[in-house]
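The following blocks contain the structures, represented as structure tokens.
Next come two complexes, and both contain subunit A; in the first it sits with subunit B, in the second with subunit C.
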Partner chain A sequence: MLFTSYEFIGFLIIVFAIYYLIPKKAQWPFLLVASYTFYLLADPRYLIFIAITSLTTFYAAKLISDKKEAFDVWFKEHKKEYEKEERKALKAKEHSLEKKIFLACLLFNLGILAVTKYTNFTIANVNSLLSAFGRADGISFVNLIIPMGISFYTFQSMGYLIDVYNGKHKAQDNLFKFALFVSFFPQLVQGPISRYHELSETLFAEHKFDWKTVSFGLERILWGFFKKLVIADRILVAVKAIIGEPDTYNGFYAFAGAMFYALELYADFTGGIDITIGVAETMGIKVTENFIRPYFSKNIKEYWNRWHITMGTWFTDYIFYPISASQFMMKLSKKSRARLGNNLGKRVPVYLSSFIVWFTTGIWHGASWNFIVWGLGNFVVIMISQELEPFYRWFHSKVHVAGTFGWRLFQVIRTVLIMSSLRMFDCYRDVPLTFKMFGSIFTKSGLSQLNLESFMEMGLTNYDYAVVFVGMVVLVVVSLIQRSGSVRGKIATLAAPVRFIIWYGLFMATIIFGAYGIGYSASQFIYNQF
Partner chain B sequence: MFKKIIAGIIIVAISVAGLGLVTKLLEPKYMSGILEGAMIKEYYDDPTEHDVVFIGDCELYENISPVYLWENYGINSYIRGSAQQLIWQSYYLAEETIKREHPDMIVFNVLSMKYNEPQNEAYNRMTLDGMKWSKSKVDSIKASMTDEENMVEYAFPLLRYHSRWNDLNEDDFKYLFHRDKVSFNGYYMRVDAKAAEDVPEGKPLVDYQFGDNAYYYLQKLKDLCKENDVELVLVKAPSLYPYWYDEWDKQMVDFADDNNLTYINFLDLQDEIGLDWAEDTYDGGLHLNLSGAEKLSKYFGNILSEDFKVPDRRGEKDLENYWKTVENRYDAEIARQQGNLEKYGSVHSPDEK
Partner chain C sequence: MNELLEILKDLHPEVDFETAKDLVDGGILDSFDIVSLISEINEEFDVTIGAAELTPENFNSAKAIYALIQAKLDDED
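== the complex of A and B ==
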């Protein structure tokens, strides 16, 4: 059930009506039923996977939490009976058991993710290796189902497990509440990857109908639909044409394709998240923000702090920091400092941890080499940028442009261009082809190649481009206004007729200019595929 | 509180009116070019009770002239037809017609028996959009929808036609709140002629058997007419193409025999009708022109009057008044098309699409 389908809108209306009609105590159990129904309608087989992840994570976390609690109580009472070394040994023993439970659950669930998502990728690579050694008979591919949103709900569940294991918070006592945390339908298919301590604050609470909250939620949903239907799905046609015919559309067109894709991905992904957050908001539930105007970022590091924030922080908190602080890295740090000197040596463990994070980020996005190279491309750019820090400092000491509007604009454009170039791996989904197309931007672009009529042969008319352009201007204006606070909040202070014109105008614009229905193929949200 | 209620009512009213206006603007008007999409809706403007209602596809609405039947036999008839009208659509139109006015006879053209599945969204729309909302319409939509279609888009046509914003033309504004009549009690007129030459023979088919679904609706149509005491007559128009196979014809003959119905295949009666394929078709044998349609109407009118005793209602004041207006339009259209033919060599003037 796509967010932009009539079925989803019908489903939402029913859920919303029941949610506020039933006793408030029954609201969260009803949401669990609704979430499982949503998943069931996608494919009943998916339910088995999400149920297994919910059950194993719930019981593992509960076991760890209960043991921790019981041990802490016991230890408080008896610690005076033991010497320091004995106390240490007791703690280590207790921790060892918790660690076993934790690792078993973690590996089991990541194993499900790995098997369902990466088996055929592994087989393909093994076959390539075998073929390189002259073995023509490769391993047959397997036909496995990939449950919808498995990357998102597995990461969300494992984040919870790690937090419980690290004692950040206690485990949830109620299996059904936990099941809702894992399966909450608005964020099930494309995130955000919520943290338990944040989402649980409002997810299980009782909510009475509040017009302001509901209307703010509806406004956010509408904004999401506008971005997805008016901008993303319309420019998608040109993106597909450019990607689909690399022999025709190279050089300047490859550059245009990368820019179109930047717009499409932003409108698609942030539009989907707007719908997610808006749907939750109509029911009084607060879901974490996932974007803070990422295309206004002045460098790649900042960009990743503003784009798909919940994924970035997940990788930072649950992969980068644990790896950086691991005993192995400590030893490596010591050795590298001894051999390479303090300056260079201290970077080795940081870069290795970053490398692992970006490799994992890449493969999380998709089981193919283009995503891995994309991830590592980000790693390389960030590392180069860090290495060039002394040069930047030198440059700014000589040329006093820092802080000027022109320089900030240059930084923003540079970041957009770098990220769009990297995303070409995502566009073409083929590493050699991506390099070829990227190269063609510099070798084949020229004014002689530029033919505006070619853009009309990509399946869009000049009216379509006009709609996309106006949509993009609206996006930029909204983002600029947003820098000084909530746009919805600001609109809410305007006179009622102005408010009505704005929201009704947006609604009509979405209905009329949206690329949906017959003549447009239903386009899945890009991040649904993860 | 009172102010808030008033404000709420105003907001809802403006919103609904805005949506309604935009829907009206964006929905296709079918006032030039493809006129067939406007024909189903015109039926509701005819206030009279019909004795005969023809239900079917282009083989009826281009081949029978109700004006001729009225003028020469006093038969008050209407053609409820649209392009590629599938049998289930004809069935639900018949159901709706019987509920509305209870005619003495329904004449159904059997060409659509060859379709067993929903076919084409654009044709569906031309038939279904014009129907007034009723259970018959809902059922007809359900039976007709292709995989790409959705009931929601029938209920809210703006969701279907929103993408016409970049295709709006003068007609969309001119016909925002009204439509001109395009048919003459359902008849689509053409006065030009294009001789039928080299009409292709039908290619052999793997299976000549009509589908279960088509039979299901034919049976339903028969039952509907029987339950409501309406005479059902099956006909096959004399169009040369699409090809009508003997195997198909036999199935219709058998069905009619088994169910005690009249089935007339006009293809076998071309000489009796007096059809001349050099003069009586405007598109090489697919459809009859005015001359051909009036010949067929004359022949069929005789059958309806003499064999089925359809009453001659000339002299009824209301009917006379109604038909006078249709006849005037009919004559004017003949003159217009003939004038264009003389001037431009086509029934369409250069400014028509």
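== the complex of A and C ==
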């Protein structure tokens, strides 16, 4: 059930009406039923996977949490009876038991994710190796189902398990509440990857109908539909044409394709997240923000703090930090300092951890070399910019441009260009072709190649480009206004007729200029596939 | 405390670490800095800081970082 389908809108209306009509204490159990129904409608087989992850994580976390609590109580009472070394040994014994439960659950669930998503990718690579050694008879691919949103709900559940294991919070005592945390339907298919201590604050609470909250939620949903239908799904046609015919559309067109894709992905992904957050908001539930105007970032590091934020913080907290703070890395840090000197040596463990994180981020996005190279491309860019920091400091001590509008603009354009170039791996069918197309931007672009009529042969007309352009201007203006606070909050302070004109205008614009009808088909959100 | 302030100064010479109270929340220390910092602390104070302790609350000020180191040094119960 696509967010942009009539079925989803119908489903939402029914859920919304029941949610506010039933007794308040039945609200969260009803949301669980609604979430499982949403998943069931997608494919009944998916339910088995999400139920297994929910059950195993719930019981493992509860076991760990209960053991921790019981041990703490016992330890407090008896610690004086033991010597320092004995106390340490007791703690270590307790910890090792918790660790076993934790690792078993973690590996089991990550194993499900790995098997469903990466089996065929592994087989393809093994087959390539076999054929390189002259063996033509490869292993046959297996037909596995990939449950919708498995990467998102697995990461969300494992984040919860790690937090409980680390003693950040206690485990949830109610299996059904935990099942809702894992399956909450608005965020099931494309995130955000919520943290338990944040989402649980409002997810299980009783919510009475509040017009302001509901209208803010509806406005956010409408804004999401505008981005997705008016901008993303329209420019998608040109993106598909450009990447589908690399022999025709190279050079300048490859550059245009990368720019179009930057716009499409932004409008698609942030639009989807707007719908998610808006749907939750209509029911009084607060879902974490996933974007803060990422294209306005001054460098790639900042970009990753503002784009798909919940994924970035997940990788930082649960992969980057544990690897960096591990005994192995501490030893490596000491060794590399001794061998390479303090300055260079201290960077070795940071970069090694960062390399692992970006490799994982790449493969999390998709089982293909394109995504792995994309992830590692990000790593290389961040590493270079980190190494260039002394140069930037020197540059700014000589040339006083920092803080000027011109320099800020340069930084923003640089961020957009670098990220759009890296995302070309997301578009083309394989890594060599992506490099070829990227190279063609520099070798084949030229004024002679520029032919505006070619853009009309990509399936879009003057009218379409005009709609996309105006939509993009609206996006930029809204982002600029947003820098000084909530746009919806600002609109709410305006006179009623003005408010009506704005929201009715946005609604009509989405209805009239949304990309559906002949030539268009409601398209999947890009991040649903992850 | 002085050793810690020196390590911090080395990371960001431009910051007044004696008064700053939003090192993480204010974006002064990023994840790279924090990881460099814990390996420096490990070297200087011989304490191991675990991943679970790498929270904004523990790293928002030099005082908080020092309190974490002290707690680790005193940690026996």
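Remarks
The rule we apply is simple: the second predicted complex is superposed on the first by the 526 of 530 C-alpha atoms of A that agree within 3 Å, B and C clash if a C-alpha of one lies under 4 Å from a C-alpha of the other, contacts with A are read in each partner's own complex, and residues count from 1 in each chain.
Assume a contact is a pair of C-beta atoms (placed from the backbone, for glycine too) under 8 Å apart; a residue touches a chain by one contact, two chains touch by 3 or more.
Because the structure is a prediction, the values reported are computed rather than measured.
When the two complexes are overlaid on subunit A, subunit B and subunit C sit side by side with no clash. When the two complexes are overlaid on their common chain A, residue A:Lys436 makes contact with neither subunit B nor subunit C. Judged by the touch definition given at the top, the superposed model places A:Lys444 against neither subunit B nor subunit C.
Once the two complexes are laid over each other on the shared chain, residue contacts for A:Pro322 go to subunit C alone; subunit B is not touched. Once chain A of one complex is fitted onto chain A of the other, the partner contacts of A:Ile512 are limited to subunit B, with no touch recorded for subunit C. Put simply, more of the residues of subunit A are touched by C, taking subunit B and subunit C as the two choices. In the superposition on chain A, contact of A:Thr461 is made with subunit B only, not with subunit C. Within the superposed three-chain model, A:Ala496 lies in touch with subunit B and out of touch with subunit C [touch as defined at top].
Legend: residue contacts after superposition of the two complexes on their common chain; A:Arg408 is shown touching neither subunit B nor subunit C.
Following the chain A superposition, subunit B and subunit C show a smallest Cα-Cα distance of 44 angstrom.
Taken together, the two complexes place no residue of subunit A in contact with both subunit B and subunit C.
Within the complex formed with subunit B, the residues of subunit A that make contact are 6, 461, 463-464, 496, 500, 504, 508, 511-520.
Within the complex formed with subunit A, the residues of subunit C that make contact are 27, 30-32, 34-36, 38-40, 42-43, 48-52, 54, 76-77.
Here subunit B touches subunit A in the complex through residues 7, 11, 14-15, 18-19, 22, 26, 121, 148-150, 152-153, 158-160, 162-163, 165-166, going by the rule given at the top.
Touching subunit C in their complex are the following residues of subunit A: 79, 84, 87-88, 166-168, 301, 305, 316-317, 320-322, 324-327, 329-330, 333-334, 337, 346-347, 349-350, 353-354, 386.
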